[in-house]
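Order as written gives the chain letters A, B, C, D and E; numbering starts at 1 within each chain.
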Amino acid sequence: MTSTTSGPLLRIAGLSSGYGRVGVLEAISIDVDPHEIVVILGPNGAGKTTLLNSISGVARPSAGSIAFEGRDITGMRPEQVVRLGITHCPEGRQIFQRLTVEENLVAAHIGRGGKSFEALRAEVFELFPVLKERRNGMASRMSGGQQQMLAIGRALMAEPKLLMLDEPSLGLAPKIVHQIFRIILDLSRNGISILLVEQNVQLALECGDYAYLLNTGKVKLHGPAQEMAAHSALREHYLGGASEDVLHV
Amino acid sequence: MLGNLIQQTVNALTIGSIYALIALGYTMVYGVLRMINFAHGEMFMLGAYVAFLALSLLVGDVGMSGALALTAAFLVAIFLVGLIGVGIERVAYKPLRSSTRLAPMLSSLGVSLSLVTGVQILAGPQPVAFPSFFPVVRYQVMGGTITLMQIGILIAAFVLMFGLHVLVNRSRIGIIVRAVSESRPTAQLLGINVNGAISMVFFVGPLLGAAGGILYSSYYGIMSPSMGAVIGLKAFTAAILGGIGSIPGAMLGAFILAFIEVWGTALLPLVTNGVLGTEYRDVLAFAILILVLLVRPAGILGEAVSEESTVYKREF
Amino acid sequence: EQITVGMSAPLSGAQAYFGSTWHNGFKLYVDRLNADGGVNGVTIAYDQQDDKADPREGTLVAQKFCDNDKVVLGLVNFNSGVAQSTLPIYEDCTLPTMTFGSNPSLTKQGYKFMVRPVANDLAGALLPAEYALGKLGAKTAVIVNDKQVFGQGISEIFAKNFETGGGKVLDTIAVAPSDVDFTAVLAQIKSKKPDAIYLGAVMPQLALFAKQMHEQGIAAVLMVPDGGYTPDLIKQAGEANIQGTLVAIQVPPMDASPEIADFAKLYKAKYGEEAGPYSIYGYVQGQILEQVLKTTKGLTREDLNAALHAVKAKTVVGELEFDETGELKVAPSYLYKVEGTGFHLVGSK
Amino acid sequence: MTLVFQSLRKVYGEVVAIDDVSTDFAPGMIHGVIGPNGAGKSTLINMTAGSYTVSSGSITLDGKRLDKLKKYQIANSGIARTYQNIRLFDQMSAIENLEVCFYPAEVAAAWSEVIWPPYANAQRRRRREKCMEILRFFDLQGYADVDAGGLPYGRQRMLEIARALVANPRVLLLDEPAAGLNHHETAELTAKLTALRSPDRIMIVVEHDMDLVMTLCDSIIVMHHGKLLFRGTPSEVQASTDVQLAYLGTANDIDDIRAAAQDRRAQLGIRTRRRS
Amino acid sequence: MAAADTLAAARPRANRTISWLVFAIAIALIMATPFLPNYHVRVLNSLLIYILLGIGLNIVIGYTGLLDLGFVAFYAVGAYSYGLLASPQLGLHMPFLLILLVAACLGAVTGILLGIPVLRLRGDYLAIVTLGFGEIIRIIINNLDWLTGGPQGIARLDKASILGIQIARPIDFFWLLLITVLIVGTVVWRLERSILGKAWAAIREDQDAARGIGINTTNAKLAAFATSATIGSIAGAIFAASQRFVSPESFTLQESVLIVLMIVVGGIGNIFGIVAGAAILILLPELLREFAEWRILFLGLLMISLIIARPAGIVPRSFGPEKLIRGLFGK
């Protein structure tokens, strides 16, 4: 746990980004402080995934900057970004179906923070015992929830300082959703900062520290999670058709 | 009769080993890019030409001789062809990674055409005698003749194949290559150097092909610019037969194909009482291929993916 | 005055070597004629085209020559398969050709505008059969062919000649033209113990077959057609593996006469390499053309055709003239045996 | 008219995905299927639609065996479905995605369309009209000529349902129609699906969104480890402790998480930040 | 928003210009052909035959999304139909139109015969099996000497004639081919727009989902194979009549690959794309004839650059006959 600077861990300033010639995000500014759980909310197509993609280097920013630990990472290639300590756990799990559970972990171990593979694997197994049980089974044979756990475990193999989770509860049974949120809290306790994209607004705000609401590529509302939960504008914005200016809570 | 049997088996094993080396390259490239690489046969051809060139330089200019020169030429050639493979991928396939599957396939056809004609222009279109990489030694085994070269080819092929098997299934590099083959975007997100992994495949695949080319040329004693076409097609067939993307499948397919060819030649006229002669051998090979695929649509060792679990959208 | 000769042969691909060296022989002679001011003041230009040994390409080239009024003579098609589809086109536009495809059927279709200044496969397959039966005392033979126009055609003729002469054909085996491995076929042949094997195919299969045949310890004498008359045969098969192999071709030895030796020297001087297997026939065709130009009434296609059919040309391979079908009246053909690193003449006709 | 599962089993190698399930679905109702991940819900849908073969047991509609039919025959017996992972024809426009559903009924006249242009034009117009109507119902008319692959995710979900409706199916199978939709879109979807209820249509919805399931469905079956765990009305399901244990989790869960979150804040000493 | 409006307004105008340009060039070329030397006419004929083949194969590859590498087999079936029925080989001298009909039927039957076993296969497995099928047909033709003349082929085929009009000169074949291409092109285009064409597209996009909406994919694919084979076979019969000689050499794997290449380079799934692809791959080497081997090298490099520059083909999929008609006459 090394947070050197006192400033934010991740600072996004005036970011515009998209795919090819298609612009999605427009002048977005977002901060993540060390240890924080920051929640990104927004309707479909708001640009949440694009935001994470821009941070991890998959989508190309056209303006603005992204700084991680005070260092400019705008436009870096995904593998470089991961090496700096940002790991992106993508939407829809995206585990390697044709690899075994353990091989999924091997593929993601890049030896960034210096912990041995065995040590990291032990940590992941402790967090998700079911993975240990299934370690030599094909990943494709696992149920949705187990696959989600594998996806998170796999992301942890890169020893992230900042873990970005894109809709981790998608398609999961309610009970499992609860479990996933507990794990997110545990991760945070262990010193990992988290940027969480979620549709399950209630739970996300319950766990999060700070939240941003995105719509049509812009930040429409942001504030401490607890206050956002209570905010009537949230519902209004969430349903679309709100005014242009940014609201502060 | 027993001698004949042994003889034919050894012949089939030798041919099969060479097919297998090339089929493995096909399968590797296919596994990662889902691309039929028509230029792979040309890596085989380049292997022979580069080795020939290296050998004449080593013997002529450097003054090396004997086994040393042969080994050096072999290693230099497969390494160089590996690099050429990497270069070709960068220039001709990489820009097409996000387009339809037909595009890189046809680009590889262009590469194949260019390489064959290029070599024809540089080295002449006619076949050229190729030196033997093994001393001529014959062993008589129960009435069959086995040459040292055949043994050498068998050993070389198995060593290379075993190495590849370990590389792909046991090493981290192999796991990474398989991860990339399944999903490039996800691999990238996890910090895997995707270009590195693809380069790796395009190094190893052509390297194996080149090794096959050298062994082949030295076995038959000639090389020619067009030698990659037929053998490339056979290796492709073998890879499909075994289940494309599967490394043991490629080997199995190669040996099966070789045995069909050898035994088909020997047995077709006997079995059909002369109605169908050896000229129908390829018909037999393709017919067996078709039959196998009808029973196992994903090849012998290919994993049959069930419909809903893997979404097949736009195969081409 | 100038006439143009249309030349068509494979100039790219596997057979390019044959096509281009054959053409070179012609160019060698014609260039010398032109340097001397031509024949009766007529100089000769040539339009050399690649037919890729492909019938479709061949027909396009043929049409191109037909359309070009300046082209009054064709020196065409190395491959019988290509000639088969181009000859009707030349016939339609009355362009006289000296065809090089050696399949006997070409002259049997009643074409009026073609001659063949080279022995056909009937002749090519006669010498080896006679030699095998007579000189070698062979009684049995196995025939192998590559199932191509040329290979199959000539081996069928050999088989007929061999059987007419009292020999017995034990088996006829076809291989694919792309085959390089004959071990399975050879194992089969071995069990039949023939005295002779006739292989109707082209290079490099001839060399590969010879090599593997020797390696499998088959003692029969191997006979191959003209494609084998190249040092490559010995190089690629390996000297030890090819000894005693018989090669039949229309080409005399390069030291057969001073004129031929001269030709070989000139060729080497001009092109920097030894003459190809058919270069001398290119040269011969140049000599025929010279004679045609000397005797022709005019320079139209019809005139030249008439002169060509009536020609009596003294060439380095002897005096040549054609019968009404366009076939040579006396067609030279030779039989060589591989000894050491060279070909030694063992018979001729 | 009912859809009946009789001792249904599905085995993948050693994995028993569906283990002796017998139940039936009555028309005029919307049936919910819920259960933990990997319980076998999608497998049920896939077997009914013919995408997976049945290991043993039977599926019948009006007493007619479905499980022996080919997939397209099943579709033509009036069964339509959507997929857990959207499967549209990406490079066809939205309306073409629907038009192609007329194939089974109209393929016999395909050559007449080729030979006789006026017939073809009339046919095309009629087809387009019908499809437009369905698109309008889903508010998709604006996207009619846009390639399906280029639609926003939520629209793609709607389009997939629209496609399933073209043939006016008797059985409609929806696999997680609300996955990835936000509340607003989910509400919209709920309204649409309610409107699709009809006296002779069997609708089966697999879904993890409990709000949707509880408001929409008349009857719910709960799957667990491939077995049918429970069957009842929404309120019965919510009241069942078995279901809570296996799937829903309890209200305590939320309290737990809330407590854990507070714990964490305290532990890390996180202050509420305020920035502009 | 405003920019989008101008763009929308500019597009029909641009479309109109392009359409008229394409139309004018085509008409000019057709009008000029009778005055061209025979060689050029023959080259155009060759081009038209390849366009015909391209239109046929495109049904399977472009519309239905199945990679068929053995298309040349159907071409061979058509060519040998003419070779056998209009030559001294069997002593039959049937009229051209009748043979065309026979060839078309035989083609359809072969297409279905190939189709039935291979339809379960996907992607590359289908590719290799069709390739194998093409080779099998060629090898059989090459070896059935008593029927097909084996490698020697069949020579001296009859001159074709339609209703007493002899079709023998290159220009006659030009008209015959042009008409055939226009008819076949129109039929195929209308077929693509029919419900069957839509089903093909659905199969191409996702065949499992296509089954899920009640499409009998086996039948639809068989229809595609049969139609495509029929066209290939018709092209073969015309080819044989114009060449008046058939031999197995004309029906190699390379030929199949060339047609695939043409379709992809030109723009897959689009009839105009086929024309463009054929123009590049058939005309260009002919124009560069003087350069012997260099032209093939050049062609190879050009292929790579073209595919990299325009992976989806030279002519965009959207510029089809509809667009042309609209550009010429419409709105």
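To be clear about the criterion, a contact is a pair of C-beta atoms (placed from the backbone, for glycine too) under 8 Å apart; a residue touches a chain by one contact, two chains touch by 3 or more.
Chain identities (UniProt): A, D = ABC transporter ATP-binding protein; B, E = Branched-chain amino acid ABC transporter permease.
Given the structure is predicted, the values throughout are model-derived calculations rather than measurements.
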Identify the chains in contact with chain A as well as chain E, in label order.
B, D
Count the C-beta pairs in contact for B-E and for D-E, then report the pair with the higher count.
B-E
Chain C and chain E, separation of their C-alpha mean positions in angstrom:
37
Measuring from the mean C-alpha position of chain A to the mean C-alpha position of chain B, what distance in angstrom results?
44
Separation of the C-alpha centres, chain A versus chain C, in whole Å, is 76
Do you know which chain C residues sit against two or more other chains?
12, 16, 147, 174, 176
Show the residues in chain B shared as contacts by 2 or more other chains, in ascending order.
117, 120, 125, 277, 279, 282, 307-308, 311, 313-314
Of all the residues in chain A, which ones touch at least 2 other chains?
none
Hey, which residues of chain E end up touching chain D in the complex?
187, 190-191, 193-196, 198-199, 201-202, 205-206, 208-217, 219-220
For the complex, which residues does chain D have touching chain E?
49-51, 70-72, 75-76, 80-81, 83, 87-92, 96, 99-104, 106-107, 109-111, 113-114, 117, 120, 123-124, 127, 163-164, 166-167
Chain B contacts chain C in the complex at 4, 7-8, 11, 15, 117, 120, 124-129, 145, 147, 220-222, 224, 226-227, 230, 261-263, 265-266, 269, 277-279, 281-282
Under the stated contact criterion, what part of chain B meets chain E in this complex?
30, 36, 91-92, 95-96, 99-100, 102-103, 106-107, 109-115, 117-118, 120-121, 125, 233, 236-237, 240, 244, 277, 279-280, 282-283, 286-287, 289-290, 293-294, 297-299, 307-308, 311-316
Note which residues of chain C are touching chain B in the complex, please.
12-17, 147, 172-176, 178, 180-181, 183-185, 187-188, 190-191, 203-204, 207-208, 211, 215-217, 232, 235-238
